[in-house]
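Each of the next two complexes has chain A plus one more chain, namely chain B in the first and chain C in the second.
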Partner chain A sequence: MTNSATLPQPAPFGRRLKRFMADRPIIPLIILLVILVMILQILRPGIVNERWIANTAKFAIPLAILAGCQTMTMLTGGIDLSVGTVATMSAFIMATQIVNQDPAVACVLAMLPALLIGLVNGIGVGVFRVHPLIMTLGTSLIGTGFLQVYQRTVIASGARIPDFLNWLGTGLTYGFPNALFLFVPVAVLIVFTLNRTGFGRLLYAVGDNEHAARLSGVRYWQVVTALYVISSLLAGITGLLYIGLIKAPSLSLAEPLVLPSVAAAVIGGTSIFGGRGGYMGTIIGALILTVLTTLLTILHMPEGGRRILFGFIVLFVTAAYLRIIEDR
Partner chain B sequence: MTRFLRRQGWVAGLFALLVFLFVITKLIQPGYGSGDFGSLARAVLPYAFAVAAQTVVVIAGGIDLSVAAMMALTSVTAASMMNGASEEYAFFVVPFVLAMGLVLGALNGFLIVITRVPDIVVTLATLFVLQGAALLVLDAPGGAAAEWLKATVVGTMPIPYLPDWADAWVPKALVLLVVCLFIVWIPLRRSRLGLSIYAIGSNELAAFRSGVPVARTRIVAYALSGLFGALGGLSLTISTGIGAPIPGPYLLASVAAVVLGGVALGGGKGGLLGPIIAVFVLRLVRTDLTLLAIDPNVTAIIEGAIMVAVVMFGAFITIRGRPAGATP
Partner chain C sequence: MRRASVTYCCIKTGHTTRDPNALTSNPLLDATGVAKNYGAVAALRNASLSVLPGEVHALMGANGAGKSTLVKILTGAIRADAGRILIRGEVSDVRSPAAARRAGLLPVYQEPALIPDLNVLSNLRLTGTPVEPFRAWVRELGIPNLDIRETARDIPLAVLRVLDLARALAVEPDVLLLDEMTAALPANLAEKVLEVVRRQGDSGRSVIFISHRFVEISALCDRATVLRDGATVGVVDIEPGIEEKIVEMMLGARIEKTSVAAARMANETPAAKDSHPRLSVRNLQLGTKLHDVSFDLANGEVAGVVALEGQGQDELFAALAGSIRPAGGTIAVDGAPVKFSHPSDAIRAGIAYVPGDRTEALAMQRSVRENIALPFSAAPRKWGPIKARRERMVVSSAIGRLQIDTRAQGEVQRLSGGNQQKVTIARWIAADARTILCFDPTRGIDVGTKQEIYKLLRELAGLGKSVLFYTSELEEVQRVCDRVIVIFGGRVVDTFPVELADEPALMRAAYGLPRGAREDVGILADVRPASDTEAAP
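Up next, the complex of A and B:
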């Protein structure tokens, strides 16, 4: 830095661009989002209107919350692949329990598996030091097994989507999707937690240098357990929101959101190695992926092609961020 | 003898556990005979190849998350190529699919080497890509397998000079497994290349300084993993007669069996025999649960819980074994 300050000529453009990307990943992301929307508008003139924006927001919100789970876990160098199963479980339990139970009771029942899975994840990662990827994959397999057993017991009673979830998932107020009533507080809370609270600092600290964090007195296992419980609870809430949007309870309801949620966090500039990133980028990442999905649907790209593209995006972006970090 | 026991203690113990499980099986189901053993061997086949694929990479100090997706892709490729084709055409399909696995595996290793992104992230990305490619090949379970290929895993192997009752305990599936693994593994283990794979797994820097071509060895390890994955995919197609684009639970199972088989997740330690016995143990536990007339879905939960417990135990052993104060 001092070097470039004393020299009259500025640093090479590529270098400056890289540094800019690393310091403010949100601005290039927003530019990318605008470009994608423009391509969409060119391909299908008139598609971008008020209704389309509301619709995009509706589908981007569940993805953005799940990507929030990934962002927080990635900050500590982890990942949470059980979010899909957790969301599916809470959605399915909600839809089947509401038939015979009071809504409040059904809500509590729906969030219970989320709490349990989060706790097991946290203990496995924090105390036993299993790699988060393997751990969350394992708990999601177990969770799916439980859900299949549970499905048998409720097959007779049927399922129903409660009205308040319908309202939350699909309703509009003055043209704004009602899901924003849930999302805005959640997003503010996540951003506030990450930037302004001790817990948020601990997440960055653990992800940046776990050993140093431990030596400075951080109780690693407590931080990680709390983190995975929070992540799981958020995933559970997403499940409730998502069932109001999709309206068809199934055993693989939220599974298709898992890979995009990882991709959204990675695109948003959160490092999968931990210690770098934030939630604002992730929100833009989720919006980009939602618009991209619309674009790919218009171009008749099949599901398989989409997955391939998401895979390459994750690899490419991670490699690019790695280069930028090494450059500094 | 004591030296042998000390070196192979873990594997010997595992083998004792397997024998013990067979005794229990016989107690639960007195009629358990050679036919049931044959079906166990058939069920083990794809798992064993998945585990072999994982073992090679773990010994080289990495981890391959794309194992299950690789199996799905090779399985659907083989099934769709053999669909409606002549019996002889399968003679071309088998080497083609194996070569495909080898190349895709090498691509994994190549991406890890050139992008310098950690194994776990690269193989996560290729997991997306291969899964997407599998969906592009076949979007629903389908295809077919040649009859002579199916015959290679059904029935028993007639061995000369062996009485019939002993013959009955040598299912073809087991012979196929042993032959395929040994053709690849034994020459590898005895060669310079095999030693290099162990070397880069136990200490990459030391291996590099002793003149081991680290990058090339890593690519070869992943290529071999891809080859074993393709064998696993082929065996899936052969034993089921179709190809399914959605990967089975082979990733978690392979990691669990690797850990249970005494291969350190850090790399550089262990062999192929332990993990293969571990697969038999895990499958036999499942058989026992089925014989006890437990609901198959509950069986899936118990199995998942066992695998997670094994992985947790393995991780726990790894931290205990690490010298105090070492960075993880």
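Up next, the complex of A and C:
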């Protein structure tokens, strides 16, 4: 991981460096990640080993997938705050239904609310033009409410984590976390969709200039509905993965991941105003946040101080990063 | 102090008595040598305007002549680079709208100026307008039962404009400045407004009246100041037959150029016309903007649309492009009636729209290639993987066709204005649209690119495609069009074959004047008829 070796060396170094980073916004992110890992290693020599890397990856993956939802919605100028609730719902339903149901049926039942919420989000944003922030916040609250009602009905049956989710969530194969079997295809699919498909192109176009997209014959509601359904389904899948990792179903299981997922996308260089960004940056963003969390944990700070520091670092990193890549 | 007198500058029908004191005294407002530059562009070079007490003074000029810049300077919205403004003989620099107001100069702009979320009364308080006189004026202007507690947002546009006027009248300004005051008004309200304006002049106050309607100007105004290319080219008394002279002044030396262009263009790339119309529009209606528009557009034809600003051309293009739904009338494509509810319907019918404002049509942060290829992925069945090789081929052939300078790789926002405009057109060349609606495509781009766009439009016509081409620069008509449709007040008022569409003829038609006798003389008629408005069309 010696990325600094690829940097250009000649005379007007500062400007060349800046131009280089502006053209490859992922480079400064990777550098930042390496620096954080190095700090960690200095503070606690020997902590960075194979097991630590696998562990970090395991916790970064659910965050990275949810941040993928944010990346895609943010490209159109939207946001999806319902991912936390959707992930929690799919996890909770899975854990409770698996008790009496066939795994396949349980899976379908678990993904049903995801599909539904995605559809409602998409129609609300695309057809009725509700602001995505409000729309997804609203469906998120409604979903949480339904989940509480649902919990009462299954309180007697108990919950269990199916083996294949255990395997996926925490298992290792040759030292690699099994979650990668899910994450790698998902990441490849997202990157491919954004860069090489008509749909991905429309996400950028709609976020950049909705009116221009309309004049080119793009129907906004179609794009947005498909987008929020995809986002919700990804969140549902994340929920299944996450329950295999955490192993304790609760009503607020994935809720703490929502705002970090937005932060990961923003740190990764996706503009919250739409039209600019990509998934590779987001993945690094999710890794940075995960490493940062570890770093703050080993500092033996009280929880309050840790959060304050976390907030400041996120703000600082985002501001600095935007300055680097947008100065052209 | 009332005494009958006849003065040389206002022999008018309709005016009976006026304050004689007014007409012999010094100008109320006197601006001379006003200049204003925006960067390298001179919006005003040497404008002057002198308004006598008690006169209704028309301010005239073609699109881009500098009317609105002059108005903004007079009302303190922007500051002049040079020039002197005297109000009642005293040097004044109207530093802000408030200062202009204190000096007795009050504008009523085209856009309603009431704050939408406040009620009428609160709006009055905001500007310190006395309520009772306001109410009196509102009644006077033909709205007997206004509820001043109504929120401005809920009041129809036409009424809002009248309220704006009443609000201005209520503070009794010395000089009232009206910008296209009657534009959005129904006939009965417009009548009342004109009546009040006329009385305003009779009572010794002055009005600066900006309008595209000669009918109103000749019924109302005493004198007119004509601007051309940022300078005042003349001040004339309004009398019967003066329209011709004003049109001539607005056009200036440009008349000579066009006949040459006409002779040249007529021989280039003859259009491959056939008899079936590609697009036929019948009795199109839309709100207060389009009343009755009918025309045909043939295959292989470039039809020009000429209109003054705000005569309904924007709405016409939007309706044809599927952006807004017309209230009445029919549109037929290749003989089959169509109803567009979204631009994608129009695109499917082969009709593409190139808006005048590039920023409306381009995703500025995306690449040239993505922008050109955007229509390809619009339909859900095209959302899958992009066929990169085919796309690159189509796009690069369109780029080559328009000679877009893509040295600035990457984002469209790094291209020059002319190249950006080319991208908006290239998109539809790549998509092989059969009909292209070009709305003022050459606005604000360099001469070289303009020439290329003219050439391209002719080539398209030569390939059997049809183009509807709105332009605000009349000389372009001769270079590009086969036929010209003139729209005025939401109606097609005239249609010219290109041979007859010289600038004076177009300008007259655009102002709603009947066709003069000169068409009999033919295309190279460079005679200046003294006054032939009475001649039968």
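Going forward, the second predicted complex is superposed on the first by the 277 of 328 C-alpha atoms of A that agree within 3 Å, B and C clash if a C-alpha of one lies under 4 Å from a C-alpha of the other, contacts with A are read in each partner's own complex, and residues count from 1 in each chain.
FYI, contacts are C-beta pairs under 8 Å (C-beta built on N, C-alpha and C of every residue); 3 or more make two chains touch, one makes a residue touch a chain.
No experiment lies behind these values; they were computed from the predicted model shown.
Using the contact criterion defined above for the overlaid structures, shared-chain residue A:Gly275 touches chain C, although it does not reach chain B. After overlaying the two complexes on the shared chain, residue contacts for A:Ile142 are found with chain B alone; chain C is out of touch. Contacts of A:Arg129 after superposition on the shared chain: chain B is touched, whereas chain C is not.
By the touch criterion defined above, A:Val48 reaches neither chain B nor chain C. When the two complexes are overlaid on their common chain A, residue A:Ile308 makes contact with chain B while staying clear of chain C.
By the document's definition of touching, both partners, chain B and chain C, reach A:His211.
Legend: residue contacts after superposition of the two complexes on their common chain; A:Ile39 is shown touching neither chain B nor chain C.
Judged by the touch definition given at the top, the superposed model places A:Gln222 against chain C, while chain B stays out of reach.
Contact with chain C, but none with chain B, is seen for A:Leu202 once the two complexes are overlaid on the shared chain.
Ranked by how many residues of chain A each touches, chain B and chain C are led by B.
Within chain A, the residues touched by chain B in the first complex and by chain C in the second are 211. Against chain C, the residues of chain A that register as touching in their complex are 192, 196-199, 201-202, 204-205, 208-209, 211-219, 222, 226, 275-276. In the complex of the two chains, the chain A residues touching chain B come out as 124, 128-131, 133-135, 137-139, 141-142, 144-146, 148-149, 152, 210-211, 259, 262, 272-273, 302-312, 314-315, 318-319, 322. The touching residues of chain B, counted against chain A in their complex, run 63, 65, 111, 115-118, 120-122, 124-129, 131-137, 139, 245, 249, 251-252, 255, 265, 295, 297-298, 300-301, 304-305, 307-308, 311-313, 315-316, 318-319, 327-328.
Across the complex, chain C meets chain A through its residues 321, 323, 342-344, 347-348, 353, 355, 359-366, 370, 373-380, 382-386, 388, 427.
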